[in-house]
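The following pair of complexes shares a single chain, chain A, combined with chain B in the former and chain C in the latter.
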Partner chain A sequence: MTLPTSSAAALELTNICKSYGDVPIIHGIDLAIKPGSFVVFVGPSGCGKSTLLRMIAGLEPITSGDLVIDGQRMNEAPASRRGIAMVFQSYALYPHMDVYQNLSFGLETAKMRKAEIAERVSRAAKILKIEPLLRRKPRQLSGGQRQRVAIGRAIVREPRLFLFDEPLSNLDAELRVQMRVEISNLHRDLGTTMIYVTHDQVEAMTMADQIVVLNGGRVEQTGSPLDLYNYPRNLFVAAFIGSPRMNIFPTSALSEGIAGDFATTHSLGVRPEHLVAGPADVGLGSIAVEVVEHLGDVTILHGRLPNSHHGVTVTLSGQVEIKPGATLPIGVSRSNLHRFDRGGLRINDGAKL
Partner chain B sequence: MSHAARSPLAGYMFLLPWLIGFLGLTLGPTLYSLYLSFTSYNLLSPPVWVGLENYVRLFTADAKFWASMRVTFVFVILSVPLKLSFALAIAILLDRGIRGLPVYRAIFYLPSLLGGSVAIAILWRQIFGRNGVLNLVLAQFGIEGASWISDPRYSLLTLVALAVWQFGSPMIIFLAGLRQIPTDMYEAASMDGASRRRIFFLITLPLLTPVIFFNFVIQTIDAFKAFTPAFIVSNGTGGPANSTLFYTLYLYQEAFGNFRMGYAAALAWVLLVIIALFTAFAFLTSRFWVHYDE
Partner chain C sequence: MSDQGITPPSWPVRTITHVLLIAASVVMLYPLLWMLSASVRPEAEIFDSGSLWPSAIVWDSFVAGWSGLRVSFGQFFLNSLVIAVISVIGNLMACSLAAFTFTRLDFPGRNFWFAMMLGTLMLPYHVTLIPQYVMFLNTGWVDTILPLVGPKFLAADAFFVFLMVQFFRGIPREIDEAAMMDGCSPWRIYWKIMLPLSLPVLATAAIFTFIWTWEDFFGPLIYLTSIGNYTVQLGLRSFIDASSQSSWGALFAMSVLSLLPLFLIFIIFQRMLVEGIATTGMKR
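Take a look at the complex of A and B:
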């Protein structure tokens, strides 16, 4: 679905700022979110992603700028009038109410008819497979079940916008993967616009249609997961997206023969998975291998470049027989090189945007 | 002696100061008073075993016992809910995050520090007496006040007022309890559009029930045991017309006025049983109205 005009955006932020007293936290954010999309705000802790989400929710006053939801300016509208439902990091379930009461609380507040409440609750319970749990108290539920109830509480309100504030951070790794898939499925089934905040770039990459990378209260880059992976606009995004993180070499750390090819370049970025053993377009010399991690599907080497001893991480596919202390010639295809200038901004060439 | 055999002894040695205090000053006298409650004892001659006679007389032939029981129950029933409501109301006001909270908290707590003292009980007499401060203020508005303390209709109420005035310690506990309620519960409710009133009754109050329960039990036990104010305000008589004859005051009169130690011990044990029954009842019913998080 393409909706080019900004007035058709489900949510539009124009120069949104936030200060606490004299301390600015968010520095003028512009963002348009298409209806039905799944947008992830990602960034390190303290980058302002949760504050931004809370401003959209109406839990935090907006210092300046415009917040427009479905074409209506909503800066001053109370949270309950914005047609938004939020899933909290802590789930914020009411411990003294059972699951049914937790789900129906908002609807009862809105003075909906009993029959309609019952219908909406049972529909949400069915979607989330929590029907057998409706008479349980939150303390009798597992972490994953509580998570579902928290999502259910948002679903029953049939909002035009879902907000998720790091919803999976309290779950163990296995459950996190499972819930990730379920939330993605839920988004596909409901088709409602969702905004999801996380510090975990894997969650961002796997779930988002559009990722907004935030850092220090500014948007570093906005784009699809693969845009960010393939064309990081600056060093921050380059290092933040991808795991293990991208190798960033100052050109001074490279042997002279190579550095000469990149006169205008201040640093070079190469993702560990793009480094290859043996001959390539651009040879980086033989690295001294220090640590070898066998993950089964891939082998990750941590080593040092010749001469400069700059650290380097290499991900080789498959199971590679190599011992710490060995040396290994590595290189990279020219098309997989990312070049950055002195200010850390991407240098575009023909091959890359 | 091996290390293993020596260590429990060392443990008991460390325990000894407390143990001596507990056995000598708490458990010993408690058991002795239980024994005394089955005796006739005037402090001068040795106690004489009389079996259940003290208890039988209490329940069958002592109008003053019932009068004092009534005063204490009325006091408990009036003062505890009033005090707790007041404490909760002030705690909620302070929890709104006003400037200078620590100062207000200290000021509001002050009466609790002073309240049980003799000086305050005397002050109360000055305020509620016929020519007291309260009547002087009322006179400014052309109202002729009663003699609050010497009128049996009002005398107990002045003591209830004194108790409610000491709302500080339950207030501090309520305040701590309110702070424990996660803000995202309120945020979730506010996103649902819940009014302040709805949030208070459906979120705050239920989540505060463990603290309410605690305060309720502690304050009720305290109210059953109230003594000093009644003693000072009525000069130890429980007057006028036994209207402030608290159970503990009657006990005191029997023990140290009439030197009927055995009878007073029986009174004390009846009060202990009443408090124990009340507490047990409170705990048994708590599972129907107290919500624990985990």
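Take a look at the complex of A and C:
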């Protein structure tokens, strides 16, 4: 399929701040986004990720700092002049227009020639496979189809930068996986810079070139999905990325023999999938198994550490025959340990980062 | 809404309910039916019998009413229609623009002005009547329709502004924002997005403006002095003459005719009206 080669934008945020009245929401964000990359803003609700996206879009005024798109400061430029298209969480299709009109409306506003509008709309419709739906009204479409139309409305404008504000959160699980792949394909085909906001770390991990983890209006860490997984910079990122979430033990919760090895460490993080049954570099003792979840490909155990009764989650590959109430010796290889200091920051032991 | 768990009432209860409801509606409808019958019965019979059934159907009253005054009743209908239609246009344009401004645009003192506008809702027409009259007298607008239709183009009907504000608030902001991303100016958002999405509330406002303007007696009474400018309502009053004999038959006949436009509008737009009232939560 031949696609228009719209240029991809480079984006630079310098000390971006946002306050509502006296209440600061975003505390000085610095971020550089390379042309053509797929960046995901992820974080718990209320972390400011959507606000940040809306500031980039031009829907929310920037309190201070610089927003630079392709070398041009865009703080005050109206939304439509920024070369940006946005896909909204609620799709925000125009209910009184059919699909064709929804796609063409922005182009008509820009006073484009009818013939070119028709061409662009049919090209977008082809990419998104919504050609048979062009004469339907949004209310006659299913959730997935509406989503496609919303993306189509963004595509026809051939923007330098796509913004997605939790676009998949209204879809059912199966459709979400499918659309995830389609958006990734779209990014590959169009080559445009995309910024995608989600609270779902699986979406972030699967789609992003670069993940920006936000919390409380600050960037906790920026990096590739595997960087974040392998080298979380602090406890927040460690707990946020990965599913089931990382086990974090205060060293005081571990049996004395082990705790002694980590004198400078305040807490230890171990991902459930890195815990193994039986002997390992670092033994954590025998856990009391409380709940067993058989997922077929993996078995997830929820149990408690000996002595401290600190909760622990273990993911074992394959189907493991074990009953609640059993005890199981577990351990972890030293290279899979994450160590954090009293302030929750990662302690690097010679490894990368 | 689910009606599971609610058992329908038994047949005696249903019957009694219906009988009561029908009786109540007959009581409510009696004056209207009486007027209908008075308009077609011989004039001498009008006040002699309480029965709704005329002894004979005669159309004399209609003929007498239509051309019984110095100016044909047709002229009154035309005057009323012109005033009502211009008022509808004015109200729809001005009130929706004002409502759009209050809901979607940000300007200093917005809340203050909104409160002021709501304040005018509490102001009875009669309070501002004299100053208004003096104003229109000085502009030389008295005995023209301008004092009646002019204010409608300035969103003077705060009630409709309020009604539309409520409706506009229910339209998701994301739709505006999508339009903004599509490069729309506020004017284009108003014209291409808000208005088409507001048909129910616009229809409600149009119908009520028409009905209230059509029914209005006081405004025309104050401002229209020569009989050629009279509205239907003023025309009706002319049948009751203090100095000579009133022509009741003609009055009732023309009253029946004056109801027809309202009746027609209601029939035609009934669905839209009900929908509008349901979606706007309007009550008055």
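To be clear about the criterion, the second predicted complex is superposed on the first by the 342 of 353 C-alpha atoms of A that agree within 3 Å, B and C clash if a C-alpha of one lies under 4 Å from a C-alpha of the other, contacts with A are read in each partner's own complex, and residues count from 1 in each chain.
To be clear about the criterion, a residue touches a chain if its C-beta (ideal position, glycine included) is under 8 Å from a C-beta of that chain, and two chains touch if they have at least 3 such contacts.
Not measured: the values here are computed from a predicted model.
Visitor: Have a look at chain B and chain C on chain A after the superposition and call it: clash or fit.
Guide: Aligned on chain A, chain C clashes with chain B.
Visitor: After lining up the shared chain so the two structures overlap, which partner does A:Val332 touch, if you call chain B first and chain C second: first, second, both or neither?
Guide: In the superposition, A:Val332 contacts neither chain B nor chain C.
Visitor: On the A-aligned overlay, A:Leu235 touches which partner chain: chain B = first, chain C = second, or both, or neither?
Guide: In the superposition, A:Leu235 touches no partner, neither chain B nor chain C.
Visitor: I'd like to know which partner A:Arg139 touches here: chain B for first, chain C for second, both or neither.
Guide: first
Visitor: Which of the two partners, first being chain B and second being chain C, lies in contact with A:Tyr94: first, second, both, or neither?
Guide: both
Visitor: Is A:Ile69 contacted by the first partner chain B, the second partner chain C, both or neither?
Guide: neither
Visitor: Check the residue A:Met207 against both partner chains and state whether it touches chain B (first), chain C (second), both, or neither.
Guide: Neither chain B nor chain C is touched by A:Met207.
Visitor: Could you list which residues of chain A make contact with chain B in one structure and with chain C in the other?
Guide: The answer is residues 57-59, 78-80, 84-86, 88-90, 92, 94-96, 105-106, 109-110, 153, 157 of chain A.
Visitor: Can you list the residues on chain C that touch chain A in the complex?
Guide: Listed in rising order, the residues of chain C that touch chain A are 172, 174-175, 177-184, 188, 192-193, 196-197.
Visitor: Note which residues of chain B are touching chain A in the complex, please.
Guide: Touch list, chain B to chain A: 182, 184-185, 187-194, 198, 202-203, 206-207, 209, 291-294.
Visitor: Which positions of chain A touch chain B when the two form their complex?
Guide: These residues of chain A touch chain B: 57-59, 78-81, 84-86, 88-90, 92, 94-96, 105-106, 109-110, 139, 153, 157.
Visitor: Taking the complex as given, what residues does chain A use to touch chain C?
Guide: Within the complex, chain A touches chain C at residues 57-59, 78-80, 84-86, 88-90, 92-96, 105-106, 109-110, 153, 157.
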